[in-house]
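Both of the next two complexes hold chain A, though its partner changes from chain B to chain C.
This part shows the complex of A and B:
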């Protein structure tokens, strides 16, 4: 009696709604992420002023702010279920794949909300050149997808280990380097008027590979 | 009889354990056990602390992978894979916790929605009514007493009207009225489905028609 597609979709949707409602009520991740992003951008802006000509620094700064502002919350997606002892409840109502997809969608929405506040603030405070919006949003979107997929997968894998905090950082770091490198390169290229094709292809392929691995792995998690 | 109290589908089902075992680190856990039980009926699993009662229920529910042997659950002659057990099993255990930031009703409605049940809020309300928690439906889970949380666990297990109920220490933290509720739930379920109760309480194992005593090493004799 395998779960059918409609019940899996219902589970993903229910988990996504549950995550959004939980975040709305507890403000566990969003407040801290926004505080980090706004404080960092304000601090850097006071220290070095506007950097309209330094597209290399601007590209790196935007990704560093987004990465560190979001990482604590993204990493916590599964840990909070383990530490709150609610993982058993979740596993009794949904398949591991549905759980992970629900959390991945929430992480994407979380990143989207964070970027909605951070990017305009970044452009205003740092005085960057006007972006080529299509290319800019494509790099940002694919980078966010790769970032969310990677952190969701690593978070799911390490959630039931003892040293999950240290393990998450150790496993995520090499995996996120690819996303950071391609994301920074892509943003810089769009500001400099250079082609972004190679970076976009790398981000898309990387996100697809991680998502593919995730779908294969999720149903084998948490059985021991 | 309200909606949640309606009997489950009267389909023949059987549960067989073939050398089923799960050993955690240190060789503790469930030692190999074999048995066959069929519906309608109720079976009690008893044994010393650490003999593997809760582990056995987790294995049957598909929450754990056995390190040896297998459990075979057949429903209407069709084997239900461990990954799909959540569809046909209702599970209540002290380890089952709810989301503190949600009310009792919201917790159950989320579970019903994730299970793909129609009218999740209606199902959740009916389940709360069945366990006598309807007046506390709007209270956050964190505000419920231990006994109320135990009732909420029972409501969670009954939510989707499963043919198999797995109850781990169902009477823990319950008052007399709560224990009578457990009696009624087991009595109703064993007439049309299967109940497995892990307990060392005489009142609870006497609710069952069969008894399996686990002879694992327990706490006193670590392997």
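This part shows the complex of A and C:
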């Protein structure tokens, strides 16, 4: 590949495959995130017990569990490159945008796997009423997209600072308030049988805005 | 020098007018007078955030460290005024609503602004190297710039407000506000804005002096 790199789909695909392969070899990031999610879930479950009719609490707690698990794990994609001293090499073979997009796709898949385990477990342990699956998955999916877009950009920034892990959660949180607010309100609405249109639109617009801004900003991520 | 003296005289005069000349509003009593500090502080908190974000974007475009100096100074002062607005508002809420904090939409929005300032400054303090710090902080600022309008939009949907209406009348709306209160308030608003830009110019000058000193020391070493 040329030294300037390319932001073509091939480069993004190559980064994504590399990420999946290296994660699959150690499964360190995923294991840690899953354990973290299950630990949070257990803590929440011990604290409040089963809540079959409190949809307000259920929707808030589900998002809190997901938020905790993602804040504990989603910076990993960039931090491991910095800690393994492989970032320079990666930058030689691909453009910043291709790297960031590849890692964003990886983070999305990562989040999907995390939710595949956490969400059913949450519904079982907390005794939540059966969700309206279409609406439930739509809110969850759009929320995850916004979550991944935000944390990928912040992760890339934070990986270049001192005290990466601790800073990541603190710096991401203000940007994730919208996702949290709209996500909680959307999940609650689908459980209560109310329309979810406004929340879905808000989540979609936020995800699109953050993604759009990210694509413009990715080029500035690494320069020195 | 003359401008600085004028600024202090202006603010002092506006304060005297606010406390001695302007009357109080019937339902609010003496707590009316918080508006001479609270609203100008909140205004500066938002103005500083916008100023900081604008200069961050300019930095990404031009790569001139002067823009980063402006962005950082505005954020540092912004957090000061933001705390001022939050504390004065909270004290007022205790007197008027009976509790310091209610997650009223205005309280929630100012809390978000405070969080963003905090995160921005925490991020800055963790990066080494002027240019890298400027670049990373500017990226964060740009993405926060995207998030803020959503926050302003999402928050009122979740909570209902008890906060008094905006002080400046909307188009076509008649306010019952006494003109003496309005003039004192507007004078304080102008005074605070002047104070902010004066303090910011000082902060920017200090940053530049520090950088020059470091450069001379490195050149000498």
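General remarks:
What we mean here is this: the second predicted complex is superposed on the first by the 205 of 224 C-alpha atoms of A that agree within 3 Å, B and C clash if a C-alpha of one lies under 4 Å from a C-alpha of the other, contacts with A are read in each partner's own complex, and residues count from 1 in each chain.
The rule is short, and it goes like this: a residue touches a chain if its C-beta (ideal position, glycine included) is under 8 Å from a C-beta of that chain, and two chains touch if they have at least 3 such contacts.
What you see is a predicted model, and the numbers here were worked out from it, not measured in a lab.
Of the two partner chains, neither chain B nor chain C is touched by A:124.
In the superposed model, A:93 lies in contact with chain B only, and not with chain C. Touch criterion met: A:11 reaches chain B, while chain C stays clear of it.
Contacts of A:39 after superposition: neither chain B nor chain C is touched. With both structures placed on the common chain, the touch criterion links A:26 to chain B but leaves chain C unconnected.
Looking at chain A, you'll find residues 223-224 touch chain B in one structure and chain C in the other. On chain A, the positions that touch chain B within their shared complex are 1-3, 6-7, 10-11, 13-15, 17-18, 21-22, 25-26, 84-86, 88-95, 98, 219, 223-224.
On the chain B side of its complex with chain A, the touching residues are 61, 63-65, 75, 78, 80-81, 83-84, 86-89, 91, 93, 95-102, 106-107, 110-111, 113-116, 156.
Contacts from chain A toward chain C in the complex involve residues 150, 153-154, 157-158, 160-163, 167, 170-171, 173-175, 177-178, 181-182, 185, 198, 202, 205-206, 209-210, 213-214, 217, 220-221, 223-224.
Across the complex, chain C meets chain A through its residues 60, 112, 115-116, 118-119, 122-123, 126-129, 131-132, 135-136, 138-140, 142-144, 146-147, 150-151, 153-155, 157-158.
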